[in-house]
Structure formats: C-alpha cells, structure tokens
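One chain, subunit A, links the two complexes that follow: it is found with subunit B in the first and with subunit C in the second.
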Partner chain A sequence: MAKNKQNKNSLGALRKQEKKLGYVFASPWLLGLGIFGAFPILASLYLSFTRYRMVGTPAWIGLANYRALFFNDSIFWTSLYNTLYHVFLSVPLGLIVGILLALLLNTRIRGIGIYRTLFYLPNVVSIVAMSLLWLWLFQPNFGLINQVLSPVYNLLDMEPLGWYRASNLSKLTIVLMGLWTAGGSMIIYLAQMQDIPRDYYEAAEIDGANGFQQTIKITLPLMTPSIFFNFIMGIILGFQVFAVAYIMTQGGPGRSTYYYGYYLFDKMINDNNMGQASAMAWVLLVVTLIITLLALTLNKYVFYLGEQD
Partner chain B sequence: MKKIALITLMLITVFTLAACNREDIGDRIEIEFWHMSPVGSESYSGMRRIVREFNESQEEYFVRGTGINFWDYWDRVNIAIASGNAPDVGYHTLDNVILRASNQALYNISDMIQADIDNDVDTIDTSVFLDNQLEFASYDGDLYALPFSATVRMLYYNLDLFHDAGLTEADVPTNWDELYTVAKQIDDVDGNTINVLGFDPSFGEGWYHQYLWTAGLDFFDEDLNPTLNTDRHLEILEWMYTFNEEYPRSTLDAFGEANEMLGINPFAAGRVGMMIATDGLYETLRPLEGELNYGVAPIPLPDEDGVRVNWGSGFSIELYDNGDAERRDGAWAFLKYIMDYDTQLDLADTIGWLMSNIPAMEAYAEGNEILEAFVKELDYAIDKVYVPYAPNWHAIDWDQFFQQGLSGELTAEQVLQQARNLYIEKRENYEAAN
Partner chain C sequence: MNQIEKEHRDPKLTLSQRRRIKSAIIHIVLLALSFVFLFPFVWMLSTALKTPAELLRGIEVLLPEDPQWRNFYTAVTTVPFLMYLKNSLILVFFAVMGTLFSATLSAYAFAKLRWPGRDTLFVVMLATMMIPAQVILIPSYILYAQIGWLGTRLPLIVPYFFGGGAAFYIFLLRQFFKGIPRELTESAIVDGAGHFKIFFYIMLPLTKPALLTVSLLVFMFVWNDYFGPLIYLSNPDHWTLALGLRGFQTQFTGRYDLMMAAAILVMAPTIVLFFIAQKHFIEGITFTGIKG
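What follows is the complex of A and B.
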C-alpha cells in the first residue's frame, strides 16, 4: 500500500517535471505568439476605434470607422461581395478537383511518384511567377487559352472570352487559375486514402461492389476528415485572397476583382487610414468566424476511422 | 580527415562571421540614411561612394546608408515612421510632406537654417530650388523637408517615324488639333494589327488630371471639393477615349498589353510615334543612343488658351524626428552635404534623376539638348495636390472608373459621376472621423 502511494507520488512528480519541461520547450513559440501574434491582434482592435493616419498618435473616435464602413462605403460592400463570390466558388471547385486528382493518382502504375510530384509542383511556384504565367495564358488577344479555344469560338460564332479583362469573367478566371494549385489538397487526400484498410475493399469486392461503388461507399466516406479539413482551410484562405488580384488585375476591371483584402491593404497603405483598415480586419474576422462556425456544423457528417459509434 | 573537415568548416564560419562585422566607427554618432540604390542596382556603388566621402570628411558623425528598391521603399518607410523607427534621413513623396509635418514626424528645416544663420555657419541656400517644390515642402509657413528630385513630363517624339510619315521636327505638335493630325499620319495599321501608333492619350504618362491642368481645370476646387462635373471635364475625358476610336478597343489593348507583357517600352521599340513620359524614359533610351532618333517637347495644349504645365511628382528628403538631438544634428550635417551643388551634380550622374538643385542641374544638362529641355520644362512642373480624405485620388480611386470608360463599360459621363460620388463619400467619412 505504502509502496503504491510512493509510486504514485514519484509518478506525479515526474509528470509535473515533464509539464514544466514542456512549457520550457514551448516557451519560444508561446513568447513569439504573445509578442508577434497576440499583441498586434489586440493593438489592431484598439486601432479600429481610432483615427490613425500612420503618423502621429491614434485618437479615439468610438464606432465611427465601423459606421463609415457599414453605412457610407460602397466599395466596402463591393469588396465583400467579390470575396464571398470567390469563396463560394473556389472552395467547392477546389475540393472537387483535389479529390478527383487524388482518386486519379491513387493507383499503382509505373511512375506514379512522378505524376504526384508534377501535380504538386504548382504549389511551390511563387505566386508572382504563377500570376504572370496565367496572365499570358489568359490574355484575351494572344493568350494560349483563347488560341486553343478559337475553333469553339468559330463554331459558336462568338467573340473570344475576355477572361481577366472582362468584369463578368474576371473573378471566375482567378478561381480557375487557383485550381492549378489543387495538388496541395490532393496530397492530404492521398495520405488519407493510403490509410484506409485494404480489408474494406476486399470485403466489398467479395460482396460484388464495383470500383465506382467502392469509391462512393468506402473511399469518400473515409476521406471526410481530410475533405472537412480542406473545406475549413479553403474558407479561411479564400477570405484572404489578395496577391493574385494585386498582380494580375490590380482589382479591376471596374473593381470586379477588388477583394476585401485588397481594399484593406489600400485603406492602410494608400489612404493612410490605419483605423478603418483595422476595423475592416475585425469585420473580416467576424465574417470568417461566422461562416467557419456554420461550416463546422457539418462535422456531424464526418466519419473518423476508429471512432466508436 | 574528419578533424580537418571540421576545422576547415569552423574557420570558414569564423571568417564569414568576421566579414559580417560592421565597420568600426569609433565614438562617432551613427546616422541612418535610407535611399533607393540597393545592392545590385547600377547606382549602388556610386551612392556608397557619396556616403563614404561624407564619412571620410567627418570626425563627429557616421552615416550608414541602406538601399531599398523603389517598390519596397514606400511600405517600409511608412511603417518605420508609424512605428517610430524611421531613419534619420530618408526620401519621401514631396506632395504629402504636409501629412508628416502636421503629425510631428519631421524636424523643422526652417528652424535649422535659422540656427545656422544665427551661428554664422554655412547653411542651405533655398533659392536654388523651385518655388513650387518648396511650397509642397512647407507646412504652416515653415519648411519641413527639402525637394530632392525633380521629375518632369514631356512629349517624346520619334523622328525616324516622323520622317517615314513625311514629317519633320517643325511638325512636332503644340496643340491637340495638331497632335491628332500628326498622330494619324504616323499610324500604321494592318487589319486588326497595329504596327505603329501615332499617339494615344492614355499611354505612358498621359494622365487625365494632367490634361485637365493644361485646360486650366482640376479634380478639386480650392477647398478640395471634388469638381469633375463641368462640360469641359467631360469633353477632355471624351477626347481621351475617342482619340483612336477608329480602332477597336481590343486591338488597342492588345497593342498596349503586348508591349507591357514583353517588358518593351513601346517608344523605345519604335512602336509609338509620340508618347508623354517622364525624364526617366531618357535613362531607358540612353543605351540606344545613335539608334533611336528622337526629341522631346512640351506637352501639347488643348488650344491657344491652354496652360503650359506638367505633373512634377518629385521626391522630398526629410529628417525624421526620432527625439535624439545629436542624431538630428548629424542628419542635418549630412543633409547639407547631400543638397550641396557638387553632391547634387554627382547624384544626378549616379542615380540618373533630375535633382532639385536647379543651378547644379543646369550645369549637368549643359550641351545635352534633351536634358536642357527637361531642365527648362521644370519651371512648368507642379505636384498634385494632397487631398487628406483621398490621398490616392489620382491612382486607384480614379483609375478603376477611368479603365471602365476606356473599355466602354461606362460612358465618360458615368465615369466622372461615379468618381465624383466616391470622392464625396470619402470626404464624408473623413470628416465623420475628424
């Protein structure tokens, strides 16, 4: 009995010591988070209630920045609409393309590693290089895409599409361009697919299920955790779309690709209006949070392998 | 063998780290100077030499120059000012000195000049600068910056293309009617392909506000209320949109974009007969000396009542208030050196910019017809007004509407109306927060 108590005590001490060590090892990250993460976040909350022109001292103005954004800023709503459009189009399309790629590359053929690398490769290309490349491809007058499509245009007797130069197509063009990097989510899907026990497929085969049925009934349900992960990350990253529009379209034509992040950047850098830019950042946080929380309700449809029930 | 490799590695590390050691400046006071001649740029070694020469002449101060490329410079300097970590001396845009001066970010240059006069010390002679530039460097009657560079915009014309069209230098246009006639004579269009375009008002540095100025108009009135609502505003915008209306906009876009994407300056490539551009284009054309036969002329005026003017957009040089009197004095000593006649001459040659010291620029330009024309035209260069509620009024605020008009999505009238509404909205929001 006494020996048990002694063992428990020494185990407790060991755990305490481990905890301490854990904190010591984590301290650089915790300090970094506090200084470089939490402080600017809280500072921006304060600045959102001030008039601050990037020089001088911020002056408290209460809710004036928020009022201006919500009630007297037409571009604010345009940029929010553009961003929501981008999120609602790019997230589902990104999921579909990523899953299809993963299914396609989850086969055992010669050189599959090379194919997987090739599809992943666009993710390591700099966004500036990628944007310039697609600028060439989508160029309405001499771009490769319109050259390839010219027989279709002739057949349908229509004008070549204006892509990023047409305000009704520019957002779609940027979404299509983004699909080029679907290889990033493909890697996550592939990793999860490799984790699905072979027994399930063998059992399904014995029961007479064909490949399509196996995909629908086994592969996709068991991939839901990674699909869900990519879905949530896609929403969060989608709201931050900026660089591509900045490089390719400069927010145009006619502010059709003037996304929320772009407007926020302009408010700060070009209008020297740090107060309103901070308010915009907090509005974005709330919008992203609401949509992410709504998306999280879909968690009940996610099947975690090994989980009871 | 392993030991030898290890020792070699250690020695390399030690030498590398030793090489990173900063220059020993003894007990001299260090002054930080930010400029736009980064490592790898053509002007880097020249700028380094200019700074070194100052340091060699000094026992009290040591200037450490930091070169930042043009595109990164603005974000960095603005953030540095906002966070209180600004350099002691740096460049900025001349047209918004008022913003920094009114927020106590800058030292008062007039006070320093006066102190020098009181102490019978050599000081900066402000009469060497252009009055209109000094005006932009002033706030509340005092100087808070000095003009550093002086940009000028002129009409470049390609004499080879003039000759091909049967024209001579005497035909260089001085008004919009002549501009149109000459441009159409130079145009060389083959079906849907433009080989050579005489002129397009929106190419290069053809800015709507600049054309308005030549007609005695502006975006804002004296109280900074947006205008843009007169018939003349509309006429000028329509003139820009319809100058090349015989060609489809897609053809013009393809022409412009092909040049842009290939990184070709259309004027340098001989694809444009006339183009408004800054003195910076002259630097681009320098390597083509002897190959490209061209000249520069003042921007054509709308008619005989037009105003001879061009958009200046020069840089200022400023002393940032970091609350350290010793560093302030060092920065002032360096500023006097860099604004000195000889240094300005040296800087023009090193950076390739027109500097603000006019006598120095006159000497620099002497014997060079094009540079002489630039210096002469500086008298007609003015900066754009600083509008606190829309500091970027001429760029993204306006440009999105302008482009929509160019593509035909909006009429010229709608462009002006929508731009005006945006400025009004911005003004209301600004006033609500102030």
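What follows is the complex of A and C.
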C-alpha cells in the first residue's frame, strides 16, 4: 500500500486500468460464482417451496415440503438422527486421534518425515477402494479384525461382533474406519505446531514446566486455529456423509446407516422429488451454519484462554 | 527438547542416555502405530494374491502359498478397465486444465490488482467452501438436464473452467502470488509490460511449484471422486475407475481376492504420485489449515 502511494503519479494511470483488469482476470471465477454458485443456491431455496419432479414447471406450494419432512416423515428424522450420531462421534474422535498423532510426531527424533508420510498415506486412497478394503477387514466371519479379536471373544465368552452387519454397530464401524484417515488433519496440526516459537518452551522449561504441562499450556492453546479449522470442516463433511454408506451398507442394516445425505440422494435421483430434496438441502445448510456459528464462539473462548496463560 | 535444563532433575542419567531412552520410547510407539496404519495395505495385497479357498482361512494365510498374480489380470480383463482408466484420465486432464486456467487468473486478480469489491468477493469465495454440496447440486442437476448435459461428461468438466471447487486453490495461489516481490512487477510495468504479460511471463514461471501442487491436488480429487461421477455419468461408457470399482463390487460379491486386486490397481497411481511428489502435497494440504 505505502509503496503504491509513493508511486502514485507514475502508476496512477495503471491503477485506473487495474480496476477493469481485476474484473477481467477474475471473470472466469466470477461467472462461475454466478452460474454454479449463487444461482443454484437461490434456485434450490425457491425449489424448496415448490413441487417439481423434473417434468413441467415447479408449482409453488409454500412450506408444504418442510411440513411434510418435519411432521410426516419418520425417515427424515431417522436419517437426521443417524447423521448427528455420526457427526458427534466422528468429529471428536477424529480430532483426538489427529492431535495425538501430531503430538507424537512433534518431537525431534530421526525419521519423523517417514512416519508423517506413512500416517498420511490412507488419505490418498479413493473412497471406493477404502470402503471395499474395510468391508473386507470388518467382514464378520472371515475378516481380519474379528480374527484378531477372536481370543478376546473367547476370553469374554461372547459372540463375534457383527460390525457393519449389526444395526447397533454399523455407524460406529464407519466412524472407526474414518479414523484411518486421521493423518490428514495430523499434517495440519503438525505444521502449526512447528510454527510455535521455541522460546515459549524454553521459557516454560526455565519456570519448571514439564513436557505434559508444556503441551497443555503452550502447544494445545496455540493450535486452536487449526483445531478449529478441522473441527468445522469435520462437521461440514460429517453432515454430508454418504458414499461410504452407499458402498458398504446401502444404508442398512435396517436403515441404521441411512444418513441424511443418502436420503437426500434417494429423493433426488430415485424419486426425482426435487422440491423436497431442495428443502432437505436447505435444512442441511441452516443446520451447518448454526453449528459453525456456535463453534466460532467456542473457538474464541479457547484461544482467549490460551493467550491469558 | 531442552535436554540441558532437564538433566539436572535426574542426575543419575546422563544427557545422551535420557535422550536415547526418550527417543526409543517414541520410536516404539510410532512403530506400533505405523503397523496399525499400514497393515490394511499389507492385508490388501495379501488378499489380492489369495485363492478363494485361502480367503476363508483368513489370518492363517498371510503369505499365500501360490500367489495368484492372475487375480490382477482377471480384475483388469473381466471389466473394461482400460476404458475406465481412459475416462478417469479425460476428467482429470480437463479438471486440471480448467482449474489452472480459472484459479491462476482470479488468484492474480486477488493478489496483485486493486479493484472495487475485491475484498468482499474474497470473503465470499472463502465462504463458498463452507456450503454443503447438496445445496448446489439439485438446481445444477436440473440446469444440466434442461440444457441436455445429463449423460455427458460436461457437468464434470465445464465448471472447473469457471472456478468450480477452486476456492481453496485460488486462495493458495493468491498467497504464492503475493509472495512475488512488488519490485519485480513494478519494474516490468515501467518497462512497458501490461498485466497479462506480467501474469504469463513473471507470475506463472515463478510459481511453478504452486501450480504443480494445485495440479496434484486436483488430480487426486478427481481420480478419487465418487459422488460427482455417480450423479452425472449415467452412461456406462463414461464410467471412471471409481465407478467401475464399485460396479466390480456388485458383480463379484464375496470375491475379495479380485476386489482387492482391482482396488490396488485403482489406488496405485495415487500412491505412487504421492510418494514422488509428497513435498508438494504436504505443503498444499498444510496450507489449508494454517493460513486458512
């Protein structure tokens, strides 16, 4: 800025040109923002108040779609419950595993780069390959996991767990599988940890703080921005969970993994019920927004505490 | 970390002993964890080489007696694997081209040009990352149906040329462009170069590593994407590897040997690419959380 003011005279003409060029350079994205962003968002809001099944024109029916979902559709509530279950389990567990991995790797020992690469590796596997792999690992009869656990089953004299084939475990199975990709958030934490000035730790050391205290009082508070980021993204992506269930369980057994995104997909692709699908999408948007805003206040509080110490 | 200060608390151990014990413990924990994280891959390969009879014997057979390398051949020949590969590559190619085109231009606008509304639009761009895909999906689907794009690849190609899904890449490139010293662009302006010249002859060459990072991330995303192709590629001749692999699963229920062989082939390119260019990957991914 200051530089530009100095050169005001020589660059004055160019700055006028910049105003136009800014739009020119941004035009592909700006067009996209309109056509593939703003228009669909507003259109889906409009559609959510209409009846539209891909033929004819959308017919305005007011709040009927929302009313039908909220008061007349038990599957809607089942899918919402399944999704909330998934989010409330997967987000905290994902955070914990990611942070623990990062803390372990945030030490100055040899081969850290290799471990980092290895822990990250599951993240480059496609969702389909990953789902098939874990379908096999969790396979109740011949799968690796139940075979490894069989001494435990014998010891406790219990039946082997059914994992994705048991309606009370299927959601948990999908969450556990998701932890395999915790290395993705680990990378982000790790980078932030390595940005923390070393003097902080040295000062704490002189004051007699041990490693654990340093982690609680210095590392974790200063990581809150990336924790917050992973928290928010975890919630947003968690609410959209679909493909894993589609591939692994087809929503079953007994609708136990029939998530919100799955129901929306069925309404849209199988029923062509675009009005209700849009209403579901908007409910999702509003729920996501509310939770994000709630999380925002939480983050400020945590970070504030960190700075006070 | 700071071993010298720590040492006085436990006089029985010397500095190097303490350090060795600590790093040994950490190594043991990390090795155990690596085993847990990597064993699924080992098991995958082991499974892919088994006979159906060995599948049922599970963990007894870690190394198949007679490795069935044929399984890979069977997996590739019973489905049109090469066609899926070609289709995946087509989508990847256009997505990378489209993203590079739209993201570099707008990143330049955000980083180096001053225009009214820029900062507001920048916030809007970041906000688009938060919007659930489903909100956009339905009207887009209807729009594509209206203009006859359903059943073609166009819904999975054209948006990339208009910054579709590129918010993060624009953000990343903007930071890189901002890192190019002003003096460089200003002296070019004094020499009579316009912004397009600066963009092509200064910015792009100087930010090659960032462009590579973006290309790799887009490659990874499109190669692995399941949802987009599932919605839009109704024509089996357009199916990608991800869709083909899923089709494979429904076709060969229970034949985990063949399924794992096919899955390995589908994920091999991403793993190889990751190992070759991991520095770029990790830089790019790291960027999301810290600077975001």
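In this text, the second predicted complex is superposed on the first by the 278 of 309 C-alpha atoms of A that agree within 3 Å, B and C clash if a C-alpha of one lies under 4 Å from a C-alpha of the other, contacts with A are read in each partner's own complex, and residues count from 1 in each chain.
Here is the rule we go by: contacts are C-beta pairs under 8 Å (C-beta built on N, C-alpha and C of every residue); 3 or more make two chains touch, one makes a residue touch a chain.
None of the values given here were measured: they were computed from a predicted structure.
In the model built by aligning both structures on subunit A, subunit B clashes with subunit C. Within the superposed three-chain model, A:Ile236 lies in touch with subunit C and out of touch with subunit B [touch as defined at top].
Within the superposed three-chain model, A:Trp136 lies in touch with subunit B and with subunit C [touch as defined at top]. Using the contact criterion defined above for the overlaid structures, shared-chain residue A:Arg67 touches subunit B, although it does not reach subunit C. In the overlay built on the shared chain, the residue A:Leu294 is in contact with neither subunit B nor subunit C. Applying the stated contact rule after C-alpha superposition, one finds that A:Tyr201 touches subunit C and leaves subunit B untouched. Residue contacts after overlaying the shared chain place A:Met274 against subunit B and subunit C alike. Between subunit B and subunit C, C touches the greater number of residues of subunit A. In the superposition on chain A, contact of A:Leu21 is made with subunit C only, not with subunit B.
Of the two partner chains placed around the shared chain by superposition, subunit B is the only one that A:Gly254 touches, whereas subunit C remains out of contact. Judged by the touch definition given at the top, the superposed model places A:Ile216 against neither subunit B nor subunit C. Comparing which residues of subunit A touch subunit B with which touch subunit C, the overlap comprises 54, 136, 139, 142, 269, 274. Remark: subunit B residues 74-75, 78-79, 81-82, 99-100, 102-105, 250-251, 253-254, 257-258, 261, 390-392, 395-396, 399-401, 403-404, 407, 409-410, 421-422, 425, 428-429, 432-434 touch subunit A in the complex. On the side of subunit A, the complex with subunit B involves touching residues 51, 53-56, 61, 64-65, 67-68, 72-75, 135-136, 139-142, 165, 167, 250-255, 258, 266, 269-272, 274-276. By the touch rule above, subunit C contacts subunit A in their complex via residues 1-2, 5-6, 22-23, 26-27, 29-30, 33-34, 37-38, 40-41, 43-44, 47, 55-56, 58-59, 101-103, 105-106, 108-110, 113-116, 118, 121, 124-125, 128, 130-143, 145, 159, 161-164, 166, 170, 182, 186, 189-190, 195, 199, 220, 223-224, 226-227, 230-231, 241-242, 245-246, 249, 256, 259-260, 263-264, 266-267, 270-271, 273-275, 278, 281-282, 285-286, 288-290, 292.
Subunit A contributes residues 3-4, 7, 10-11, 14-15, 17-33, 35-37, 39-41, 43-44, 47, 52, 54, 101, 104-105, 107-111, 115-122, 124-129, 132-134, 136-137, 139, 142-144, 147-148, 180, 183-185, 187-192, 195, 198, 201-202, 205-206, 211, 225-226, 229-230, 232, 236, 239-240, 242-243, 246-247, 261, 264, 268-269, 274, 277-278, 280-282, 284-285, 288-289, 292 to its touches with subunit C in the complex.
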